[in-house]
Structure formats: C-alpha cells, structure tokens
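Consider the two complexes below, in which chain A is the common component and chain B and chain C are the respective partners.
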Partner chain A sequence: MSATTQSPAGKQPGTGKGTGKTTGANRAGSRGGTTELVSWKAGVGLGLLAILGTVLFGFLANTKSAGFRIAEARDPNASSTAAWITLAVALAAAAYVGFRWISQRREGGGVDRWIPATTIAAIVVLGLAALGVARVEKITVPSMVFGWICSVLLLALAAYACFLTVQRRKVPAWVGGSFAVVFLAGFMIWIVAGGRDPEPSISLAGLMAGAVTLAVPLVFGSLSGVLCERAGVVNIAIEGQLLLGAFSAAVVATVTGNVYAGLFSAAVAGALVSLVLAVVSIKYLVNQIIVGVVLNVLISGLTSFLFSTLLTADPEHLNKPGRLQAVDIPFLADIPIIGPILFRQSLVGYLMYVAVIVVYVGLFHTKWGLRVRAVGEHPQAADTVGINVNRTRFINVLMGGAIAGIGGSFFTLVSVDAFSKDMSGGRGYIALAAMIFGRWNPIGAFLAALLFGFADNLQSIITIIGSPVPSQFMAMLPYALTVIAVAGLVGRSRPPAADGIPYVKG
Partner chain B sequence: MTLGWDYPLPCRPQRAGADPYTHRLVGVLKLELKGITKRFGSLVANDHIDLVVEPGQVHCLLGENGAGKSTLMNVLYGLYDPTEGEILVDGKPVVFKDPGEAMAAGIGMVHQHFMLIPVFTVAENVALGNETTKAAGLLNLEATREKIRRISDQYGFDVDPDAMVEDLPVGVQQRVEIIKALVRDAEVLILDEPTAVLTPQETDELLDIIRQLKRDGKSIVFISHKLREVKAISDTITVIRRGKVVGQADPTASPTELASAMVGRTVSLTLDKAPAKTGEVTFKVRNLTVTDHNGQHVVDDLSFDIAKGEVLAIAGVQGNGQTELTEAILGVQPHVAGSITLDGEELLGKSVKHVLGAGVGFVPEDRTLDGLVGTFTISENMILDLYDKAPFARGVGMKPGVIADNAARKVEEFDVRTPSVSAAVGTLSGGNQQKVVLARELSRPLRLFIASQPTRGLDVGSIEFVHKRVIAERDHGTPVMIVSTELDEVLQLADRIAVLYRGRLVGIVPATTSRDVLGLMMAGVPAAEAEASASAHASGATTTAAVSEPAGHEGESHV
Partner chain C sequence: MSEKTTPEPQALGDDSAHVAADTQVPGGTTAEAVASDVVLDTAGGQMPPSAVPAATQRRGRDHDRDGGGSVLHQIFTGNAMVSFLSVLLAIVLGGILMAVTNPKVALAAGYFFAQPGDLLTEVIRPYTALVQGSIFNWAGADLAAQLYPITETLTVATPLICAGLGVALGFRAGLFNIGAQGQIIFGALFGAYIGFAWHLPIGLHLLLVILAGLVGGAVWGGVVGLLKARTGAHEVIVTIMLNYIANFLLLFLLTTPAFQRKGSTNPISPFLDSTALFPELLGPQFRLHAGFLVAVAATVLVWWLLNRSTIGFEFRAVGANPSAARTAGINVARSTILVMAIAGALAGLAGVAQVSGTEKYLSGGVAASIGFDAITVALLGRSTPWGTFFAGLLFGAFRAGGVAMQAQTQTPIDIVLVIQSLIVLFIAAPPLVRAIFGLNPRKKKTTTSGTAGSRTGGVKSGAAA
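Right, the complex of A and B next:
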C-alpha cells in the first residue's frame, strides 16, 4: 500500500469501559497528551459510606456479642464425608485457578475474565467446607471490637481510593469489592448484636437459604427481562407475567389436581401476557414501556377481580393447589452449609439454575444468542445479513414471558399454597432492577437477584430478632442498590443499543 | 503494494442445490436490472431503471444525493421490494425477498453507514448470519477467524479478528464490511458512497482494494457523487437523475460533462471569487481545549485567528474535533478551557444567547437536528433566534403578521422553493432547508460567520448558491469560518486552510496547497513533512488526488 496512513489502533487502558459512545474510530484510538479525567465518584462515595460505617459499627456499637449459627446437619456422618470431599475438590479448584492466575500474570498478558471470580468462589467454598469439617456450630464475635476493626478497614480503603484519585490513577475493582465485603460483615455484626436477647444470634444458613428461596421469582423475572431486552424489547410487564403465572398455577393446579400442570400453565400464562406485549409493541409499534405498564395494571385488576368473585367464593375447588415439595439432591444436599442453601430446593428452584445456565450459554455461546444480541444492538445490521429482526424479537418476548410465568408459579406452588390479591408485590420491578444491576447478563442478573433476595430475607430476620434499624429501611435496600448501580458507582450500566426502539424496515 | 495474485484465487465451494444461480463459475456473474421501479407513496424513487453489471467490471452509479442510487441498490439487495421490474442473475429472473437471498445469489453490499455491531468483535460481526457451529448450535468462531485471516492476508487488509469493532478506525471497519461480503462468496460487491468517511489516502487504498477485487473476477457497483473517484476507478458509468437513468458516460469524460449529466444542466464546478481583502484580525482563539466525558481532549490546545474579510476553512476527516470546536465557540460544550475573543470580548463561558447577540452567525452541521425545528413553519424557523425581540415581539406577544412578512421576504431573497411560508420546514428538500437556515443566520448583522458542513447532502445547484452566499458574506467584511470534510469545498472556499487531526491543529496552510499535502495533513502528518512526502510521491501511480481537474468556466449562475 502506498503511504499507509492508518494510525496503529492502539488500545488505551480501560478501553472496555469508556469507549461505549465514541462515534468515529478516530476518537477511539489512543491520543497522546490526554489526561484521564479522574472521577471523584469512587473516592467520595466510599468515603461517605466509610464514615457512615464508622458511626454505626464503631460509635453506635453495643457491648453484646453477635452469634452466627451454622446449620446442624441432619445426618452427621454423610455430612462429614460430603464436607471432606468438598474440601478436597475446592482445594484442588482453588489451587488450579490460582496457578492459572499467577502463570497468566507472569506471562505478562491479561488474565482471563473468569479467573478472579472463580478464584473467589473456590476460596469461599473452601472456607465453608472447612467450617463443616471442623464441625463449627456457632461463631460468636464481640461486636464492639469487630465493629471498630471494620470501621478502620473501611476508612483505610476509602482513603486509599481518594489517594489514587489524587494521583490521577484509576481505582481498581478490588478496592470496591473488599469495601463491600467489609461493610457487609460490619453491618451484619452490628445489626445482630443490636437484637433484643442478651446474646443475640441468627442462623447464617437459614439466612442464606431464605435468600436463595426469595430470589427465585426475582431470578426468573430478571432472566425474562434479559431475554427481551437483549433482543431490543423493554419488558416492564414482568410484574404482570409473575402475577398471572401465580394465578393460573394456582387455579390450574387445583382444578386438575396436578401441580405440574399448574407449573406448565404458569409458563403459558406468562407467554400470553408477552403475546399481547409483542403484538402491540412489535407489530403495532406502540411504546413498549406504556404497553408494559398498562399490562401490569390490567393483570392486577383482572386477577383481583377473579380472586374476589370466584376464588374466594369456592377456594376448595379453585384455590387449593397443593405444593411442589423440596427435593434433596443426594450427596450435594449433605454438604454442610452449602447443601441446605443450594440443594434443598423445590423443582422451581432447580429450574432456576437450569434457566440461568441455559440462557447464559444460549446468549453468549450459540448462533441463536449471537443473532439475538445483534438484533438488540443494531437491528438494521442484523437485517442486512438476513436475520428476521421482528420474528427474533417476537420469539424472545414469548420465551421471556414463559420464564417469568414459571417464576410466578413460585408464589402459589412453593411459597404459599394459595393465590391472594397482588401477591407478586412489586417483585417484577425488583427483577427489572436486578437485570439492570446485573448489566443485562444472565449471571449478573442472577447474582443481583440473590443480593436482593438476601436483603429481603435479612429484613424479615431482623424484624424477628429485633434491631436498631427499622425493617422498612432494609426493605429499601434493593432500590437503593439499584440507584447506586445506575448512578455509576459500580461502573457504567449500558443497555443494548436498540433497547426499546421498534424496528421498522426501510 | 500488496498484491493479491501471489495467492491462490479463492475457490468458490460448489454449492449443491436446485437453485438456478448456484452453479456458476468464479467471476462470471452477470447482473441485470430491468425496468426497476420503486414508489414510496406518491414519490417515485426509481423510475424504470435498466442496468447491466458485467462480470469483472467496476460499474459506477453516479448521481446526486437523493437521485435514487441507494434505493436502487436496496431493491437489488432485497431490502426493498421493487414496485415493478425484475432482476436477472446470469439471465435468469430472481426475486430477493430479503438480503439473505441476495447474499446466497452472490451479491454483497457495503452500506454507507456500516452495518457492523460496535460491541461485537470482528469475528462475531463477520460470523453473524453465516455462523459456523459445533454441535447443539454452539458457535465455532475459530472457523470464522481462519476465514478472516485468509482474506485479510490475500488482500493485505491487516484486520485482527478479535478486535472490537468500535475500537477500529473507520477505514478498517470498511474492510471488515468487505470481508463480510467476501466470506459469503460475493461475486458482485455493491459499495454505497464508500469514500464519504475516508481520508484521501484511505480512499486511495480502497481504490487499490477494488482493483484487486476486480482482478479476482469480482464485479463492483460503486455508488458515488464524487467525480474524481468515479473517473479514477470505473469501467462504466451510469448516471442517475431523479430516479431515472439519464445515460451512460465514459470514464474519460471531463468532470464538467459528468457533473452536467448528473445535474441535468450545465454547471460550473469552480467558484468565481475575488481575492480576499483582509482587514484587521477580530476573531482570536487561544489554547482552546475541549474535554469529553471520558477525559479525552477532543479539541487540544487550538490557537488561530480569523481576519475580517477572509475565509478560514477547517479541514479534516469527520470526528477529529470539528464539531466540538464549533460547539465550543457557540457555547454549548461543557468542559472548555482557553480563550475565544471576538472584537476583544471574551466569548468563552458565555451563554449561547449572549454569543449570538455578540454577532455570531452559525450554520450547524446537522440542519435537521440542530438547525431547524422540523414541525415548525418556515416563518417560525426564520426567527428562532429573534422571536423575543422587536419587531417580531412586543411584550410577551408575538406579531404573526411581521413574522410572515419577514419570512416572505427571506424566501424571495434566498430562493427557497416552497408553496407557502406556513409550510412545515420538515417538508422541504435538504437544499431548501439549508437556505432557510442561511437566511436566518445571515439576516442579523454579523461579526463572525461559522458554517459547519454547509453543503452536506445538497444538490449541485444549492451548493453553488450556498457557496456564493458564503463568499458574499466574506466580501462584506465578516470573518468566516467554514468547517468541511469535503476537500473540494475547502479548496473552493478557503483563503487559508487549518487542518485538524485528533483535536489538534496540524497546521494552517494557504489555499493553494495541493490535495496530496492536505490529504497527508488530514492523517496527522505535519505540513512540512507532508510537502516533502507529497513531492516524492508526485510520480506515484494511481492516486486519485493526482487526477487534475480542468477549470471549466461554464459560468451558469444558480438554478
């Protein structure tokens, strides 16, 4: 080529975060003499939280100790064996991943994205298994001492973040991560120590297991959101899909006397809500958010009406669905702490794991997923390579509805064995928040939903043991977290580019 | 030069099937369009167009913006259904219901606005719609990467399959588009205005690629309104005007002849203007720096002056800080540092209203987005800046009569073609919309006039008109700043040329500077170095920039 004038497409550090909106590649390339515009968001945010933490955990701490009970095993022998095996597996996994991390670091290249998260997971499992092996039944910590330790750590981390900002350097992710962990630990100790008993304690395993259970409808709801929005359709109707799913699961399971028929009908009901959303918003181009909100109101009204006219009149024949029993997975359920949390679920709970994995692999590792994401990012580009944009969207919205419907069946088939008015209680909206917090990624949405489920369960446990914080404040946590996530403290949450924009050919 | 013929010719896998057009040999796809008509409501975008693309030829479609070139190609590519007419591949009629079928028949298209997904890698973009899969539908991107590397080597593209598309320069993105077509075994490649976003040097590289493709037996349909490139590359030229084929032209025809065929009347490609009579320097920019939300300096330490009665043209490839520069002067950029003075008064940090009040006339680069309110009438758009001042307003009330009279006068003066001044501006053609913007901005007494991309998307007639008004304003003694990515426009209007590259000033050079030098400067080469390099290359073979332009003085005034 004569006189090649391409500049080397140099990547700057942190390209992954910042170049989302750059138009024209000339801007995206490296440019000498630029000063990184360092944001004070991290420093100031962490600083404020650290001060809050110091006041609460340090100055406001009381002299009681906080106890965390580790669940007692049903079968000590099986539990012990499972714990040893888990310990061995976790040790091997942690060693392998750690080795990969170090060797990749040493080669100088970047570390694979999955490695840090996997390492942390392996170490957590390792620690829990160790607790099981040691047959620890209860951990008791003096709240005053630990409160101050946490406060100092928080202040140190915040100061480090501020120092980096002054030095015009980026605050690394681990600072925020460790800050969150320390804050959570301090918060738990403080809140438990504030209980009414002279020696207050809570069951850690119960807390976690409850969190996973409460997260089930949220996970299904957020997966529904991920499926729809990755294809470019905003699904506000998750709330309605959950509610109609719950309603039809209750009625069909009662009428047929078969809970599995109820489960299936919940999926159909969710898909029906989606059908309306899809037809009106994709075919007739009505604003997707308006359709979603209208659907929610419509279904709330419809189910309330049918509930008060039909179901309350004859609950025996219409609203007594029976329950999907929890099923233990052999061996896995015996692992101390982890087993009861993850592997003593109902069928709906196991379906949740399957759904998360299937949606994740589907979206990011299959031909179908590539096409779906293309449709959500740049529908015209997808069209020009022969992908039917609106059909893809239609199918995805229907699938999303079915998944949210299954989530709704949790309310009537697992949680409570009867339908009651507006029983989804706004969880569809929290699911939406989980999807955004999880950055439109099924695994992220799953983790965010777990966090929200945790906040939800913590709230009810705190109410039981009595605590300095009014439980209403805890109920605000999911929303507060979402505001923080969207405000960008955690990083930029970027929706698919064509999200919410109808595609009209030509 | 990286040559393609050292490598084996790509072997088209023989696809089995009963389709009439799957059994063809390399490079013998003949494409015919017969009587293609496309109507959108009452608008006839294509009117019985006949076109034959011979195998191994570069066939140029020449026509103004809005002549119907892109519509025709979208019909051919299966994006639009033709209202009438048929498409023949190797003599057999075919119907493409969607782009997938067009691609299967061996037709590939590189759109003017790239059809690439910014957050996907090159490999993912190339694979999309044509994925290789393992069992259970799992993606096999390695196979795609392999194909990309093969094509990339063959044509010297230098494309990394794992690069994220949004991080790539525009020229490389275009190659990704070409790879997309080649991976799908395209025999006919449609390039829609491919050079609009390229520097002159990148354009030369693209033309080299096209020559290589042609040698490999591909046919190219090259859509453009830029005469220089069309003359440099084409074997056959078909001129389209107002949706109709007005004739074939020979690549040896003079630019003036081609332009006249394109517009339908004799046009003057050069602008008569007297030498500038520069007065005192009244507009000064010092150390202007604009920072974007990522902390990048999109305008970096810029200093220049403009004197009364001269035109300073800001040249550069799109996206090198021009938008931010003009917006900083107008006062709509948030993070700015430095100084901008007009007649000694500091403008930086002042409100837009204040800046306009100081006598700055501004034609924004996107008239539909920033220049006009599409649903407002012409008369309302004429007073967007003066709506609250006498004589158009009294107290809180507006005076519709005065406003309408003002509009009627301006419409007359600026030759806006409209049925009525109460028509919504959005219903006018691009040229007439631009005249409305000009009429508004030039109706105040000005002390500085800034026009950004003043003729983008306009027909030749309107371009002449706009250029004349700009020069008239200059001769009136106003300092004028023109921002343009079209080198032709820069060279025609400028008294001095400032070249921007990545937000920095590469240099300010006289208007007599050659295209080669300017092209190199637009790629960031300093002026002195560019001079040296350009003179060394002056004998170089096939640069479009070397095609000289005869100065035709047909002297026809506008429309």
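Right, the complex of A and C next:
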C-alpha cells in the first residue's frame, strides 16, 4: 500500500495517456521522477516469467515441429479478391496511421491515444491479409530453434526491464507488450509441438474463431459490469443475469416458437435481475456486493428448481428453442482468417460488436456518458449540477442487466440448444474479472474477454491434440493469468471513485 | 456479541459524519436512521461500506432509534422481529414457488373452491418432510431413528459454521472473502494427505491433520491477503480466481499416484487412517463427529479474537475505516494479511471436518458448495461469531432436511437455495421487510417535504435534516 505518494514530477507528456482522465491516477504511485522509488515489480515479474519460459520453451522443448494451419477458404476466388482488397486497405491504413504517429512525435506533442493501438491492429491485419494473398496453407515451425529464440528474447527483455529499474527509470509499456507477445508465441509453439502426433498441428483460424465465440457471453457480461460500475454500482450479479437470460431465452423461444422473442425475453430477464439489484441496493441502501452474491445464489436455485420440476418434465414444449444461425456478412466473411473469425457470427455475435461500440461511444463521447461517469466518480458534485444520481444509477443498472441478459441467451440460442442447470458455469465472475482487467473500459473489457475466450478455447484444442501439460493446468491458465494481471498490471488502474458507495443526498 | 468492553472502532471515523449521524438518530424515522448509518458507514460517501454495516452490529441501536416507542412497538420493529419475518417470508415465497410448479397442486387447485385443504396439504407436505429430515422424525421407529435428523443437521452444519466464521471474520475487517471454497479445498488437501499418507499414533495423528488443514487454508487465504496488501489487487477477483485454481489443482492431484487410491480409476484418495478421524460422538449409527465440538470451539475463539483481543480490535478498526485505522497507527497491510490467513485457516478447518469427519476420504467434490453457502451463512449471522454459528445450524438444517425432502416428495433440493438466498436478501434489507409487513413507524413528519411513510422521501429528508 505504498501508493499514497504522488510523483512531484507530475504527469509525463508524451506517454500517450495525457488526457484529463489520468489526473486521478495518483494511486499509480511511483512514476517518472528520479527521486522516486521505482517499483521492482516489473523487473522481478518479467525475470521470473522469462526464466520459466526458458525452462519450458528451451530446455524442455522437443525436436518436433509445430504446425499452424491457416487457409480454410470455401471459395478460393472470392477469398483471393477479398484478401487483395483487405491487403490494400490495411496497407493504406497502416501507412496513414504510421505517418500520423511519426509526424506527431516529431512535433514533440503527445501522440493521440488511439494511434499506437490502431497501428498495431492495422499491421496485424496487413500480415494476415498477406498470408491470405500468398495462399499459405500452413506454417510449420521447428519448436527447438524457435523455443530458444523466444527464450533469449524473453531474457533480454527482462534484463532490459531490470536495467531500467536500476537506472530508476520507468519501464515503458512496449517492453511488457512485446514480452507478452513473445511469451505467447513461444508458449503456442511449445505446447503444439508437444502434441501426440509426429507432426502436430492446430488450426489457427479455428482457434481464433472459437475464441471469439466463447468470448461472446463474457463480453456482454463485462459490458454490463462497465455500465453499472461506471455509474457507481458494483454488479456482482452478472452471473445471475446471464443465467436467467439463458433460462428465459430457452423457455420463451420454445413456447413462442420464435428465437427472436427468446432473445428479447433474455434482455427482459436480465433487466429483471437488475431491477431487484437496483431496488434493494439503491433504494434500500443494502451493500451492493451482498445483493449481487445473494442474487446469484437465488437465480441459480430458482432456475435449477424450475429446470428440475418443469423443464425436465416436458422438454418438448418448454426446453427446445431453435438456434440462431450464423450469418455471413457478404464480402467481409470471405477475407481469409479474419473473415470467418469476425464476420461469420450469429445475431448475438454481431450484437456484441454493436454493444461494445455503442457503450464505448455512449460513455466517452456523449453528454449522457459524461453524466454517468460523473455520477460514478463524484455523486455529490453530479448532484450539485442537477443530475439525479440515483435515477441515473437505476437506469444504468437496468441497461446493464438487459445487456447481460442478451449475453445469457448465447448459451441457449447459439451455443447449446437447451437449458441445463447452472449452464453459465461461473462465466459471470470471469466477465467481472474481464471488466477489471479491461480497466472499466468497454474496449478494454472486450479485449480482456477475448483473451479469456482464447485461453478457454486453447485449452480445449490442446486437450484434443494432447499436450505435455496436464489438462487441469491448462484449464487453470485463464484464472492464473487473471491473478497475475490483477496483481501486476491492474493494480495501477482504479475503479470509479464512488464504486460501491450508496448515495445519500445531503 | 457484547461490544461494551472495547471502544467502538467507528469512533475513529470521519468526525463530521459521525456527529451528523449521532444527532440524527434519536427521534428520527427508521429510514432516516438507515440513511445516517450509510453516511456513517461510508465515512460521508468517501469509501465503500463494509460488507456488514457497522451500525447493525451494535446492540441496542434499535432502541435508540425508536426512542419514545412502547416496548411492544420495539419488539415488533426490532432486528429480531425482522429476522423472524424474513425467514417466514422466504418460506412462504418458497411455498408459493413449489405450489405453482407442482402438477399435483395444479390438480388440487382445480377443485380449490371445493376443497381448499388439498392445496394447502400439497404445499405443506415438502415442508413437513423438511422438518422431519432436519429436526425430529416423529415417524421414526425408535428414539435413535427419531433423533437421527437433528444429528444429521449438526453434522452438515459443522463445515458451514467453520467456513462461515472465516467469511464473517473477513467481513468484519472489511474484506469480502469469496475464497472460502478454495481455502476449504486446500485445508482438505493438506489434512487428507497427512491423514492417509502418514501413520501415527492415535491422538497425535488427528492433531496433525487438523494442524495441516489449518495451515493449508491459511496459506491459500494468506496469498489473497498478501496480494491485496502488497499490490492492491481486489480480493473479490483474486479469491474467485484462486477458487478455480484450487479446484483444478485438486482434480490434478487426485490423478497422481501420491493422492489417487491404489487400484482405483476414479479420482479419489485412499481412506484416511482411523487414527486421523474425528471420533463419533454418539456411536457408529450417527454421523455426528467431534468436528462439531471443534466448530463450537472455533466460534468461541473467534468471539474472543474479535471482541477481547487487540488484534481483533485492529481488524474491526480496519474494517470500519482503513484510512482512519492507518492514521491511528494500525498496520493495515499486516492486518489484511493476518485476517485473510486466519479466515483461510477457519475455512481449512471446514475442509478437515469434511475429510476427517463426514467423508473420510478426499474427492473432487469435497468442498461441495460449502464455500459459497458460507457467505450466506456469514451474512445471515450478521458477521458476529454466534450469529454465524446459529445461521450455520439453520442452513445445516435446510441442507439435511432438503435431502430428505427430495427423497420423500421429489421436490428438488434447489428450493433450499432459493429459500436461503431469500432469507439473506430480506435480512439484509430490514426496511423492505418492514414495508412488506407494514411495520414502518409512521410517527412524525420531520420535514415538510417528505411524508414519513414513503421510503425515498424519508431517506432524503432524513439525510437533508
């Protein structure tokens, strides 16, 4: 808890974060100034991980090669055209953003926040499109050689971080970022090469597409969390919202015979859970975390009870919803790799993109969003300028519930076509973690949820091809990752200031 | 329970809020008191409230509130009444739920106006089975069979009480410990290993098993405290994640030769040595074991720790207001680590009660849902040691009776979850219960704006006064 000191040097210009948002980040503690004690957390943490990586990828590597299958296009011609166009667009975008980046740096001012991320994204798309244009079917990597290359890179990055710490300088973000990328690459190669086959390989496109699919309920859940917590209400009840959403989607879709009615009812069900949360915690001022936990138990008991009594007695008329079919977006779905991943989703999947964008723009670029954030940060001030704090919270919690409910419909309308006991399986809690991981930001939460989906899907794929690591440890991975992230990275971020504090006017 | 001997940690809190709260409480309506409690609890909106509001822990608080009311009035609006009504309301709602989903009831409702008794019978039947399965079975052949349910309740309650105490301790220190599940698993893991892998003389063996369980739980809980204190990682997230990690670790270990039973393909451990088991209290026909006595001892210990020891005072001070505690010279980081370690040790004791008392071996489902039930137990007990003890007994009765109910009337045991969570929800929101039963004091109109009967109006006017 050494976080009470504030750097006298203040904010550093040019770190790319110099917007008004970071002014409250005094809990970040030691930043910048040479008189400050620089945390060894980054250096030690990276060092340990690098040693672990060296042992695994280097010393424990085998002589097999790891294969990553890439192209699985259905229509080669359309795919090829799409690939060329994507290549051109990505090239133009990368060039433009890169130019903006360099010119802004040369002027000496801060770089806009979105530029580095966008550049990286454009370059990744560019690379994937290039692979599609070249019609690469499969990348095969000798695991031993690449394992050692990755190990050396990891050790070098960790050493650099330690060097900077000795010099009492802040470890820049790119060190951590590239460390993560190299570690991931080394890990993937090592784990795939450890498969049972003589030439083990996995489908990269399948891995990614599965990751996005598995992430859908997590994204909806974490968006629900973002909406509530930005307004200052802790929403632990995401799990319950997902579960009741799944339940009512299944029942209503079966009874009405219309999946869209099911989807709508899922939103209503999620909002219903939120209504209880809002009434009890906002009106009756009960601790929000307690209400959330209790609601999760209540919904779990309720749905399990109704499932055991009603749904199992008559599954034909109560628990047989149709499925929302995957819909291809005409041209975009033909882009190699990216197309099947992003543009071959069910309606719920597309709603996910829409929700992320709407929540992001709404929260950070509209008058409404400014008010919501004011309520979450400083309700007294918001009240003073005439914002109705508790009504804002009420509405936000309800909206969050509706969004999580839609996420819940994923379980019964997309993933499996029947409801079963506790089928959300703790994903509401993972969504909560994703929200915190994503620093209470819709985009961040989306990316964090994708990461969890990726780890989840990787685990199931690795279990199929066989792996040197026991499957239980693979299953543990996302959770261990969260602990590391929450302890190491997100400790520096902070929740909305009034999060979890009931507002009493006065 | 009695907090008269130690000074109130709330006294360290924000002065203005404290004064404001104090001046408002006497003579105000209940809603005003709730509002002022919230102001007190959050130090005037500066920090998140602790899981169990400090104000609810104080004895006689309600008497202050209802100042001039009659004794009868106090009884009917007091905390005990609210708790009783909460249980009643939850049971009624559970009954309604069972009624609307039971096909027989639907049948009975068809001729409801002819014979309303049938409908009632169908609703009451599961509850009768519940009581028969948890307290006293009057249909039993002999005394042993009649008393079997109550011993079963105590057996089931044992781990709930231990783990509940751990969660309650965390609440009092302002930490929300969802990690009892993982801590139980670790306690069971350590205890069971000593139990079946070592072969020691009677007495010493059990002692070591208990000790190992305590250490196991303390390690897993202490990690959370350490991360929270050193990096500021939120304990809710960390404990949730550690639950999963502990669970997968257990599943993995049960497939290794060190833990898996010889000649078995199932992921279960060998039976614990008979020297490592809790002695059976009432003979072999009952499952009740000496672990229950350990749970009672743990309750006494936690009561002493919280109300009579310096460390306990520090815990409560940190829970009431960490900033004020730090200013007063309390080492908050040390308190956080210590409280999580002790909470983990208590949960670990629950794990030992499972492997060394009830189950007698280690399996993947050793923790069942005890860790999550423990949260509701602690909430129901308002985080006081004896409150948690009796809440554990109540939930143990629900569990034990629920099994009997499911067997006899085919009512799914999930209804127990519904009733349990409804009880906790109602108990957490006394004004809600009072509103439902129309018990809200409508004595005075304190301000011109709010009518004293309407809740929101009351809250606003109370805080504005």
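Going forward, the second predicted complex is superposed on the first by the 467 of 506 C-alpha atoms of A that agree within 3 Å, B and C clash if a C-alpha of one lies under 4 Å from a C-alpha of the other, contacts with A are read in each partner's own complex, and residues count from 1 in each chain.
Quick note on the criterion: a residue touches a chain if its C-beta (ideal position, glycine included) is under 8 Å from a C-beta of that chain, and two chains touch if they have at least 3 such contacts.
Source: prediction; values computed, not measured.
Within the superposed three-chain model, A:Q167 lies out of touch with both chain B and chain C [touch as defined at top].
Look at A:A374: by the touch rule set out above, it reaches chain B but stays clear of chain C.
In the superposition on chain A, contact is made by A:T384 with chain B only, not with chain C. By the touch criterion defined above, A:T63 reaches neither chain B nor chain C.
In the superposition on chain A, A:T366 makes contact with chain B only, not with chain C. By the document's definition of touching, of the two partners only chain C reaches A:V280; chain B does not. In the superposition on chain A, A:Q325 contacts neither chain B nor chain C. In the superposition on chain A, the residues of chain A contacted by chain B and by chain C overlap at 1, 3, 27, 380, 505-506. On the chain A side of its complex with chain C, the touching residues are 1, 3, 27, 41, 236, 280, 283-287, 289-291, 293-295, 297-298, 300-302, 304-306, 308-310, 313, 379-380, 426, 429, 432-433, 436, 470, 472-473, 475-476, 479-480, 482-483, 486-488, 490-491, 498-506. Those residues of chain B that touch chain A in the shared complex are 1-2, 74, 77, 79-80, 98-101, 103, 109, 111, 115-120, 124-125, 127-131, 133, 136-139, 156, 158, 163-164, 166-173, 180, 197, 199, 201-202, 204-205, 208, 291-298, 300, 317-320, 502-503, 520, 523-525, 533, 537, 540-541, 543.
Of all residues in chain A, only 1-7, 9, 11, 15, 18-20, 22-29, 31, 33-38, 361, 365-371, 373-374, 377-378, 380-388, 497, 505-506 touch chain B in the complex they form.
Those residues of chain C that touch chain A in the complex are listed here as 34-35, 38-39, 42, 45-53, 97, 101-103, 176, 178, 227, 229-234, 236-238, 240-242, 244-245, 248-249, 251-252, 255, 332-333, 372, 375-376, 379, 411-412, 414-418, 420-422, 424-425, 428-429, 431-432, 455-456, 459-460, 463-464.
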